[in-house]
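Before I ask anything, here is the structure I am working with.
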Amino acid sequence: MTKERGRPPVEKFSEDERRALRFKIEEFNTEYSATLDDQDIHRWPSFFTNDAFYRVTAKENFDQGLPVGLVWLEGRAMFLDRVAAIENTMVFAPRYLRHYVTNVDVLGFNDAQEICAKANYLIVETLMEDSTKIFQAGIYQDIFVYDESGCLKLKFRDCIYDSLLIPNDMVFPV
Amino acid sequence: MTKERGRPPVEKFSEDERRALRFKIEEFNTEYSATLDDQDIHRWPSFFTNDAFYRVTAKENFDQGLPVGLVWLEGRAMFLDRVAAIENTMVFAPRYLRHYVTNVDVLGFNDAQEICAKANYLIVETLMEDSTKIFQAGIYQDIFVYDESGCLKLKFRDCIYDSLLIPNDMVFPV
Amino acid sequence: MTKERGRPPVEKFSEDERRALRFKIEEFNTEYSATLDDQDIHRWPSFFTNDAFYRVTAKENFDQGLPVGLVWLEGRAMFLDRVAAIENTMVFAPRYLRHYVTNVDVLGFNDAQEICAKANYLIVETLMEDSTKIFQAGIYQDIFVYDESGCLKLKFRDCIYDSLLIPNDMVFPV
Amino acid sequence: MPDTHLIEDGSNSMAIEALHWPNDDLSRIPDWIYTSEDILVRERERIFLGKCWNFVALEAELPDVGCFKRSYVGDVPVIVTRTGDNAFNVFENRCAHRGVEFCRELRGKVNEFICPYHHWTYDVTGELIAVPFRRGDKGKGGMPKEFDLGEHNPRQFRVSCRHGVIFATLSDDTEPLEEYLGPETLEQFDVVFSGRELKVLGYYRNRLNGNWKLYHENLKDPYHATLLHVYLATFRLMVAGQKSAMICDEVGRHATAASAKDDAIEIGDDLVDEMKGAYRVGMDLNDEDFTRYVPEFDSPWTVTMSTIWPNLIVQRELNTLGIRHIVPRGPHALDMYWTMFGYVGDSEEMTKHRMKQGNLMGPSGYLGVDDNEAIKFLQDGFRNSMPGEGVVKLDPDKEGGTDTLISEASIRSLYRHYREVMDI
Amino acid sequence: MPDTHLIEDGSNSMAIEALHWPNDDLSRIPDWIYTSEDILVRERERIFLGKCWNFVALEAELPDVGCFKRSYVGDVPVIVTRTGDNAFNVFENRCAHRGVEFCRELRGKVNEFICPYHHWTYDVTGELIAVPFRRGDKGKGGMPKEFDLGEHNPRQFRVSCRHGVIFATLSDDTEPLEEYLGPETLEQFDVVFSGRELKVLGYYRNRLNGNWKLYHENLKDPYHATLLHVYLATFRLMVAGQKSAMICDEVGRHATAASAKDDAIEIGDDLVDEMKGAYRVGMDLNDEDFTRYVPEFDSPWTVTMSTIWPNLIVQRELNTLGIRHIVPRGPHALDMYWTMFGYVGDSEEMTKHRMKQGNLMGPSGYLGVDDNEAIKFLQDGFRNSMPGEGVVKLDPDKEGGTDTLISEASIRSLYRHYREVMDI
Amino acid sequence: MPDTHLIEDGSNSMAIEALHWPNDDLSRIPDWIYTSEDILVRERERIFLGKCWNFVALEAELPDVGCFKRSYVGDVPVIVTRTGDNAFNVFENRCAHRGVEFCRELRGKVNEFICPYHHWTYDVTGELIAVPFRRGDKGKGGMPKEFDLGEHNPRQFRVSCRHGVIFATLSDDTEPLEEYLGPETLEQFDVVFSGRELKVLGYYRNRLNGNWKLYHENLKDPYHATLLHVYLATFRLMVAGQKSAMICDEVGRHATAASAKDDAIEIGDDLVDEMKGAYRVGMDLNDEDFTRYVPEFDSPWTVTMSTIWPNLIVQRELNTLGIRHIVPRGPHALDMYWTMFGYVGDSEEMTKHRMKQGNLMGPSGYLGVDDNEAIKFLQDGFRNSMPGEGVVKLDPDKEGGTDTLISEASIRSLYRHYREVMDI
């Protein structure tokens, strides 16, 4: 099911297009990361289109084409409900998280003329009484579109993590 | 006190300005990092203006508006004295450090027409007989100005670290 | 011997040249990293010229000018033989690796009009039954040339790692 | 070191000989069962490798003959293989030659297993079938004449399957699986595993920072459900007073926490008060479809969570289904391996519904996070504070199953059994 | 294992019963007091939880009633709360129900503490005030009738405050705080804590790779000051021959290293020679204001560093002020929690001056780095080399306080006391 | 804990008193020699610090008087210094004062060593030559009058060099180095170290996840060579039937695995079959020069790998030369420090050839990776699976040297010696 949505690029970009887009996508990822690093979680859904799909899943699932996600969201309502749970109902110890997004790759248009891109991410976690540890290493597989005001939005983000063994739990999306 | 100095951006940049500035700031951070990675510590003050302010402090201090820093420097003389101490008086085991600076964000002008920017940094440390470990994860909150020859200089750098529990000690600035 | 090959830049680039080149080199490093992250190892030699030199060595060797490498390859044939060994003869547990390449620095032309550059790399490793750990932190010291079709190729890559104590072994090139 | 004025349960030394249960009282649980290395060693021998049926795999993970899965009995690495249409083998992942843990892939398909070190070769049943150069080379070296391949096999486990779920035991004396489960647990088990063919939908893995037994207790503890899990009450998935039960077997080691969603339930002010903040007034889901239960089981319960001693949890939470496989990692941690599944023949929409509801559970689940954090906080308490004990007095006259959420009867019955087996 | 030709102090086994102090001689300190787990367990019981006053917080950290701080007595987690204008409580951060370390925020303000697992609720004094569903629900479950909230409280510590500093002890027998400190230490303490209201300027935290006692020794060891700290002599903050003293209490457990800056001091060639490189000739500070002492204390000393047994350091280094709170983390590490402060009413300039001088100390201090490295190098020695012992013979006829830097008398007096308490 | 039905070798407690070798049979090796902390402590005392010569450095690493190297005897940190044209000293890297591991640089050149903590100063031979303020300052403090510098030196090791290789022993009773090596090992040693001056080409370091003895066994185990190392057979560097030998000393602790490359060798179908996949048919090197042996040694062998008990490997693999220095890091890990070298006077081409062939060995070597992984897999087996034992029965009538690859005789001889020394 996921495979369908994450339609692969069919049309490559020119170098100029890649340059322009990479800049925009890097800005997007920087703001996205800062929002999560600041735990400004209620802003997080605004990075996505209304009909967006978002998933966090282990590389072992992705490689086998298995559909589950630690987080599996489709449509704005589900994004809002996750934010509400984090803000209001979920119980967890305070923590700092920090995102490092590198290796942004602008892949091309898919057959719906949407922008396919990817990037490597590294997230480190600090609990209040302990040293900073690697929380998750993975890759974003993205499809971006422009919204009505010309801003990039994620229509699709698959966060595929190498770190099979999640350390305790994952409170925030990545 | 610090809050005053780190005056927030009041005027956003255009995309073109951001593109031009991000390139310059990334080059700046790359050279800054290389200088520290090479432990070429006597070059380090040259990245700052004569009246610059530099601080390294824990996120818990920053979030509460507390002024202390592990390192707290104001004005060239203090920078030079720290360099002198590292080079001549401080006693410490040899170590390698490496900086990864990502997520550079060009925020805008503050009310003094100075450039506000930030970036995430990750520093890993290697002692001679041990494996490489995360030393510090944090964020640079910066104010840049141009010097007389048109080069970017830091007028203000607040290094705000997540890694509350410093591993043993911090010999070099970050 | 290595020192000769890694001829230092003698001619600096203009800002425009650096901007253009950094974009290309970042794209190169992104694709290079993705190839290794995907363990698409047979594609790896194609990032190098036919007569390329590649080495992975500890910072302690580099700093003393010592020639050894964990991996020490000269010429396409040696690259192909390493790929063949990894694919066919070497015995190792499955693992995921992920590259984070940051701080790309475009240094200038050397006296052969080849492009000198460097970058910091961080590689994290995940074994199937364990958490993600830092595998290697280091710096690429590179010389790029254009091939007949105008693509960048590595003529020389020295991977100089801080992480003196390799964790168990290094199966893949970095 | 002997007991002192602060330590009165022998835990100064943590050696099993010195440890003693406080006042022999089941309503008090000493910290040391969660922190002592010696206890874990004995648990390995007497529980995981003792007279227990351990979960090792789902048949659906091994579709063809020759398919294997790297798995664990307790923390002992084993290999599970399909060796026939309805035949499975479970044997130790340890080469009979020098001891190599030779299978390193999480899963795959093979004709035989070749240990990398000296290529001793095992067939898919785990039998040693070749020792290279056994007769030497050119008349020199090789094994002694009397060397018998048959005497050098990895340890075999007995295997029992039920409706697609594979269990293993090392002991010859373990009763048949159905008897081991007991009729109460079997009934709940058979709701999920009714014989319908399973379809694996994916895996999660997380390392919890707590002793493995805390996970069992957590699910045998209905008291926490509507308190810790603010989500449950707030979105009216479960509230005190709602129809629910803790269903135990006679031995007291297994349990099923069952509840039936009741959309008409009312939450009075008294209850809100009693719950000390565990209910957030006035919240509603944006996606109302999310908690919808699509009827598919022959059961009065919409949710059942079964703990099957010693290493399996069966999750039926509305329509999100999965098993959880517990692997102890020292006294202070456990690895949880989750296999999420549906059924062959599920519509695409149903699969999607399962995926959506998957957000409730797992390492990032709306309920899952709460439990993982609570278990860590508990273990932190045991590790960091002065040696002490916990209190499990709720529902004092019962032991085992109960029909109220306000009960710790099922935890007590577990420890009655545990103490017998462990002889502590 | 018994002693061997290389190991002669019982440290082959590291079990406390086998360990013996070399020749009963205080001028020799065996490695095992820094490396044995058993020793640490006994230290927890007899020192931190014994008849000692432990630092837990500054009053200024808890401005209002209901403010709390997560803190530690030894390595035992506690909560410090303000419960009244001049009232503070210290109690174990462990739920009386199952043992959860329930308070997870570094600091904050609350009306009550609710343990997340089952919402047992404690008021700010640490008393259990609510157990949800204690009487069951709809007549079922709940606690036994005789269940008494009053019997289920986290352990309370006795509290004593002096001039804004909060101490706690578990023992009923600990003498009053002022008596515990002794007049010598009290005098120095009262210089910094004179009753002027404190203003917290911020926090540092670092994990030192050494046994917690090494930090005490370091500050009771005036000998290292002008040798290790090249900065001190080079910039003439402290040199042998300068006015200085080690001021001890009678028991020998506390000490204050005091010195008076003397800008006129001359460093002769003989001294340079004796110091083996610890003085760098010809260096001057670029920012001369940096080491300026702004007079503000009624004391002949410009620097005092007080070690207050077992877990507090009071730093008065020119105008940079702070406390350091020691938390042992196993035998091989300690966490140091620093709270830097000034006084309410400090001018902005004075605060800035304190911030500037803050570069001297802390995890990145010109002096701080030296000590942290030295302590790590020591612990490395104990861990890696053959089991051995240290020598503390300087100033041989004294024990306790002394007026020369070239002395280890104060370390010896500490270990006389330590051996008594530890019975080793 | 006593033995149980699963554990029959005392390894329930892992304390050395309880451990017993299975049936006293050398062809069975119990897991606990690789996993017990107590065993490692005894190994340190009886082996590394016992009557053994330990490798510490190459003379070529210390070109001038005053050059030093931070090294290890077992896991005990030592400093190796050149103190004269042909004089070297080895002494513990531990300050005689308080125990600081004072030398922190991997290598360097000094006139003297100054311990950073209190500047006690040692000359390059390791003798204490200065204690700052030994006589006190201005008549106060300082050491007791009878304090004798000569009684406070780091422990000295006896040193013996042969042809550029420096060994150290702590025991006065260790026989002379040449005798210790025995004529067989000495002969092989002298091929590489013939007196030609060495040129260091660089260093590798890796931490292997296995007990240090597994590395010795690996190289005393010719059986694995053509099986684990698919590269060797596939590219015809080594195949069963080829000329090879395991050359042992009389005591059985050292060994040299020797083989002679034979480009004409044929690999029949029978052999391919026997090797169970360890030969990949039809592969050829792209760079044929890679495996070329440039004759340079007076030896019938093109490859010799000598294990010199307890901490040295001498690698002569075609033209890539190096030593490997073993440093145990707890029972479950070892650090391997590699020094690769050629000879002074090597042509640039020859150096390049050595560098090229360096791809065979080391932490990323075509053969090196295989061994590192196998050793980790073994240790994983010992740690994770049920306590058990390995079987070493190949070539049953021999012990020590042998001329077939299909042999474990040399492992058995090692453990005969080991059991004697360890008294287990």
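The letters A, B, C, D, E and F name the chains in turn, as written, and every chain counts its residues from 1.
The definition used in the following text is that a contact is a pair of C-beta atoms (placed from the backbone, for glycine too) under 8 Å apart; a residue touches a chain by one contact, two chains touch by 3 or more.
Just so you know, these numbers come straight off a predicted model, no measurement behind them.
Enquirer: Spell out the chains that contact chain C while also contacting chain E.
Expert: The common neighbours are A, B, D, F.
Enquirer: Could you work out how many touching-chain steps separate chain B from chain D at minimum?
Expert: 2
Enquirer: Residue numbers at the chain A-chain B interface: does the shared fraction exceed half, giving same, or fall under half, giving different?
Expert: Homomeric contact, different residues on each side for the most part.
Enquirer: Just grab the chain with the largest centre-to-centre distance to chain E, centres being mean Cα coordinates.
Expert: In terms of C-alpha centroids, the chain at the greatest distance from chain E is C.
Enquirer: Report, in whole Å, the distance between the mean C-alpha point of chain D and the mean C-alpha point of chain F.
Expert: 44
Enquirer: Centre to centre, by mean C-alpha position, how many angstrom separate chain A and chain F?
Expert: 48
Enquirer: Return the residues of chain A touching two or more other chains; collapse runs of consecutive numbers into ranges.
Expert: Touching at least two other chains: 91, 93, 100, 102, 122, 128, 131, 134, 164-165, 167.
Enquirer: Show the residues in chain D shared as contacts by 2 or more other chains, in ascending order.
Expert: Within chain D, the residues that touch at least two other chains are 104, 106, 116, 207, 228, 370, 373-374, 377.
Enquirer: Following the definition at the start, I'd like every touching pair of chains, please.
Expert: Going through each pair of chains, those in contact are A-B, A-C, A-D, A-E, B-C, B-E, B-F, C-D, C-F, D-E, D-F, E-F.
Enquirer: What residues on chain C touch chain D, complex-wise?
Expert: On the chain C side, the touching residues are 91, 93-94, 128, 131.
Enquirer: Quick one: in the complex, what on chain C touches chain A?
Expert: Counting only chain C, the residues touching chain A are 23, 27, 29-31, 33-34, 37, 96, 98-102, 122, 124, 126, 128-134.
Enquirer: Contact residues on chain E for chain F in the complex?
Expert: The touching residues are 1, 4-7, 12, 29, 31, 223-224, 227-228, 240-241, 274-278, 370, 373-374, 377-378, 380-382, 384-386, 388-396, 402-407.
Enquirer: So in the complex, which bits of chain B are touching chain E?
Expert: 1, 56-58, 60-61, 64, 66-78, 80-82, 84-85, 88-93, 164-171
Enquirer: Within their complex, state which residues of chain F touch chain B.
Expert: 70, 104-106, 116, 207, 335
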